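What follows is a single structure, written as structure tokens, with notes after it.
Letters A, B and C mark the chains as written, and numbering starts fresh at 1 in each.
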Amino acid sequence: MDNLIIKNHETVPLASIPVLEYDKFLAQNTVLLAEERRHCVQYYGFLQSGMVQLLCCIADDMHGTILVSSALVGKKQILPSFTAHRPAFHKFEREIHENFGIAYADHPWLKPVRYPFDRARPQNDIANYPFFQIGSEELHEVGVGPIHAGVIEPGHFRFVCNGEQILHLEIQLGFQHRGVERLFLAKQHLLQRTVLAESIAGDTVAGHSVAFANLWESLCGFRAGAGLQFARTLALELERIAVHTGDLSALCTDVAYQLGSAVFGRLRTPLINYFQIWCGNRFAKGLIRAGGSHFPFNESLAEQLLEMLDAFEPDFDAMCEETFTLPTVLARFEKTGVVTHDQAVAIGTVGMAARVSGLNRDIRASHPHDFYPVLQHQPIIKHHGDVYSRAQLRRREIKQSIGYIRHLLKHMPLDSATPEPLGQPAPESLTLSLTEGWRGEICHCAVTGVRGELVHYKVKDPSFHNWLALALAVRNNEISDFPVCNKSFDLSYCGHDL
Amino acid sequence: MPFHTWLPHAHPAAPSHVSGIMSGVLIKIGIYGILRMILLIKTDYVTAGYIILFAAVISGIYGVMLAILQHNLKTLLAYHSIENIGIIGIGIGLGTIGIGAHNPMLAALGFAGGMLHVLNHSLFKSLLFFSAGNVYQATHTLNIEKMGGLIKKMPHTASLFLLAALAICGLPPFNGFVSEFLIYSGLYQGLGNQSPVPLFAIIASLFGLVLIGGLALLCFTKAFGIVFLGTPRRVFVPAPVEASWGKLVPMYATLALIMGIGLFPGVFLQALSAPVAAFTAKIPGAPQVSAIPENASRLVANIGWCAAGFIALAGLVFFIRQKATGRKPASVSGTWGCGYVGDASRMQYSAGSFIRSYRKLAEPLFSIHKKKRPVEGIFPVDGWQETHPYDALEEWLIDRPLRKLKHFMGKFQFLQNGNPQFYVLYGIVFITLVILVPLVVDNMYALLDFLNQL
Amino acid sequence: MLSLAMIFLASLFFTGIVIRTKSLVSGRKGPGIFQPLKDVVRLFKKGAVFSQTTSFIFQVAPSIYFASVVMAILVVPVGQSKGLISFDGDFVFFAYILALGKFFSIISALDTGSSFEGMGASREALFSMLAEPAFFITMGSFALLTGHTSFHAIFTALHFGSYVSYALGTLATFVLIMIAMIENSRMPIDDPKTHLELTMIHEVMILDNSGFDLGLILYATNLKFAMYGAIIANFFISNLPLALAVPLFFAVQFFFAVIAGLLESFAARFRMAHNAEFIYTLTSFSLLIFFGVLLLMGKFI
């Protein structure tokens, strides 16, 4: 094996990454994925003196390492695809195809990802997306979106249906492409970049900003103190509890269970209000900063947090008990939207979507950062892969996170966390940052140039992997169960579209 | 039922005007036969009535259940003929029971309902077949799945089809409702003084009739909705055009009769007085003067008034709506498609999809032949789905015995080897056998006699 | 005439009470009782948008639907006072005139050529078809019990004497409440509150209706609710003097609305595929009523 082995948040010189022949590069990385506990966290290309340097990062969950290798290929070249061997690569290759015009001869689904206007094939637009069709006259298609009935983000879902039964679903995204990755390069100021990271996905502010902060500190050679790490871990876990509770509410709404919807909805409010108390923003914007924090955690905040959790837990337990024993709710949740273990492995799902299909993928356990090594995180694994598992997983993870928070508060480090000036980013380096957000692993990747300036910044939200899981989950389900399946994954549109 | 299997094959093959006559007159000959027989024979009328009722309910439900599954417009209508014969049969069955039970009211309602439905069915079914004919001439297909949006091209045909469809569903204010109402009244009349077992028969027929009504509604919303409404599913060359007035005038005349019966049912009921009297006369001590009891006529007159009242009410609501919206802005834009800008012609319900939930419920009863290639793999390349509804009774009672017979006969194929010498041989063997067998048999008898004498 | 006026009055606040109940149960204050009515009035004042796919069917269907509901209400009596229309077998007319309205609402949904509305139409056609026998058998059983076949005659002749007949009354109330929930596309068959096209039945059928037409349809729903409420009320008030019957009528309407609200608060919607089975159960409930009637009349062997 010819690759560079790095740890999470490690900055390495670009030159140390082995550059392979494309054939060898392909063979090596597809073989690596034969093992279930290795998965692709990032595969992308950037321009390097007129050529495209393809960079493939495979996370090894057994050893807590990341295996990095690369290849140099020409633009608009025709290459054999990774996807033909491992479908998990399909979206990465579609993105590369879109950005650089590299054609893959044996890619089964080489369709546009985001429809930017400045990429390789500008004539592709949303109206002529090549949807999968079945010619049979007895079937019909249903198109939902990009404008949805609820206040949610834009995306087009195309169903091929036989009456109420969904035969096939294809999800077309890209309506929200804002050019986040280019903005990272265009915005020179650190604060601008931090705010940008916070805005990648509105529901994962802590996740993305922690990923960015850790990456930037590593790039600048800064080692965050215990207080900072403590606050970041706390923010991540609090965000997890808040969003999971909100999702449970939304799941109840989608099966028209009003009581659950109302109670879980109410329970979410004090959680996000706590962020307001802590940092002045209910979604934790402004809380995480590289190199320090403007809102250091203190005793009185800890007291309030405990108070809030003490009030939260009994109500939450009672409502869960009620919801998960109600026959009408169970009838809707159970065996709905199943993703099998094999499917999950094949398409490379991450985070919650992986853990409900019996796939142990959790960055907190495999590539721990901040306070997670102390917590000795044991991921919760479910095996049925249905909506019920995803709801139950949320319930258990909320309880687990509350436990972690209580544990952390007992051993609160009290060092100063006021911002310190950071050093210059290391020149000609690569840094990769993995963070387990509430939805799954977030991966930020930065490449610097000769003077330490950013030459490429890559963001990957877990949704990028998991949208396909949703498409597979709803096959042969009732179309009226689609909303609840969709909500059970609760994937991000903007995190995908960037 | 089960002697119906020819009908769904005959209708699509016949030209539409012939289909109209076929369903209007030809298939009624059976009904006529049953009626004549009831007049002729003297028998246990109650039992006969139950037999007719049973066969009729089964025919009715079976007919309409299969009709819903059809993709061919005329096959669909043909199965509806079976259903309507079922409704007529329920009426006649009730009437016969009425004769047997010496209940003149029941007899009158049953026979009047049945006979009026004979007339009604011949009217609206002809109209439906004529409309289907117009559609066929315009599109050169009868496959529902290929049509759509024809109401824009052929508004007259569409309206006529719609009104006839409402009539066949037995909805007020049309004629179908009048005859079905009479039969319902008969059924509730039959609930009167009976012992439990016949009550079950009545409640089963009631259930059957209600189900037929509901299923017919499902079927004709599908037929009308998919054929005439929505956006075209296929581009026809040349573009479909409205039928000529020569075709439309007779259709409107039929419609006038349908509306006439719906609004003035009393007149037609009186006309039925004489034939119904022929039946009620069989009840000893029945009033001979007027066959249709006084309150039945009053009932029917009520329906006429209600029908007229409903039309007036609907007209009034629409008038108010027009007045109220007249001055307000009404803009025209596309159907809501969630803001999607691409092609959306396939995003429309198909007939198959419209009735799939129903098909899933009914599937165990029918033999529906499916052809499908399931969508497989993470990135599917292919898929297909087709259903061919087939009559399970036809399959079991006609196709299978035929196939068995064919199979059995096939065993003797070796005889037919094309060699003339063999055929001459067969001839000789046959002649020999013809001569020998009687001789041998005679001799055997002689021998037996001889042995007996011993 | 009295019944028309009273049902009309009940329809003004019925949906409001349902919504208010749901709000209170989930710990919110909720909109005022007359908010649904205000929405209808607002819609009546608005202009409309029509799809270019639609034909004249789409224009006339809401009016016919509304007229059919009004016509059906004319048949329903209240207490001792007859409906405007009353004849033997009038409940057959009642059911069929409602079916006519439904026919038009279904084809008007198909007229838009939208897959959402086709979806709703397909569900509505199937479910209402399945619900019909339950109503007919329930009414038929009472017709058998009383020997009459018109709403008014049945209800006035109905006496709850024994325990069995109370059980019958309860069963009939249950069946009618469920039929009302199905006909009005409420929980547990349909979720009127959802914002998702894919899970709705009635709401999705009227996705392209707007302005006056939408107002008509929404108000017809209120009327329909009150109409079923009136039928249920009739089981209890039909042989009481008018002075008692009128307040009791509104009390029953009120309780019906509260029950509807509670039903929608504490359970999740059924799976679409399970709806058909559920509606079949209603038919078997109505058969239970039929057997109960037989028992009562001593016709069981």
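Here is the rule we go by: contacts are C-beta pairs under 8 Å (C-beta built on N, C-alpha and C of every residue); 3 or more make two chains touch, one makes a residue touch a chain.
All values derive from a computational prediction rather than experimental measurement.
Judged by the touch criterion defined above, the protein chains are all mutually in contact, each touching every other.
Averaging C-alpha coordinates per chain and comparing to subunit C, the farthest chain turns out to be A. Contact count check for B-C and A-C (C-beta pairs in contact): higher for B-C. Measuring from the average of all protein CA coordinates, the nearest chain centre is that of C.
Put simply, the C-alpha centre of subunit A and that of subunit B have 59 angstrom between them. We define each chain's centre as the mean of its Cα atoms; on that basis subunit B and subunit C are separated by 30 Å. Centre-to-centre separation between subunit A and subunit C, using Cα means, comes to 47 Å. Residue positions 337, 347-349, 353-357, 360 of subunit B each touch two or more of the other chains.
Within subunit A, residues 140-144, 161, 163-164 each touch two or more of the remaining chains. Residue numbers of subunit C whose C-beta contacts span two or more other chains: 115-116, 118-119, 122, 272-273. On the subunit C side of its complex with subunit A, the touching residues are 22, 25-28, 115-116, 118-119, 122, 187-188, 191, 193-199, 264-274.
Subunit B makes touch with subunit C in their complex at residues 148-149, 151-152, 155, 158, 162, 166, 169-172, 177, 180-181, 184-185, 187-188, 191-192, 195-196, 199, 203, 206-207, 210-211, 213-215, 217-218, 220-222, 224-226, 229-231, 295, 298-299, 302-303, 306, 309-310, 313-314, 316-318, 321, 324-325, 328-337, 347-349, 353-358, 360-361. On the subunit A side of its complex with subunit C, the touching residues are 140-144, 149-150, 161, 163-164, 252-259, 261-263, 266, 326, 328-329, 331-332, 478-483. Residues 44, 46-57, 60, 62-64, 66-68, 70-71, 85, 87-89, 92-93, 96-97, 99-100, 102-103, 106-107, 110-119, 121-123, 125-126, 128-130, 132-133, 136-137, 140, 143-144, 147, 149, 207-208, 211-213, 216, 272-273, 276, 283, 290, 294, 299-301 of subunit C are the ones that touch subunit B when the two sit in their complex.
Within the complex, the subunit B residues that touch subunit A are 71, 143, 145-146, 233, 337-344, 346-357, 359-360, 374-375, 378-381, 383-387.
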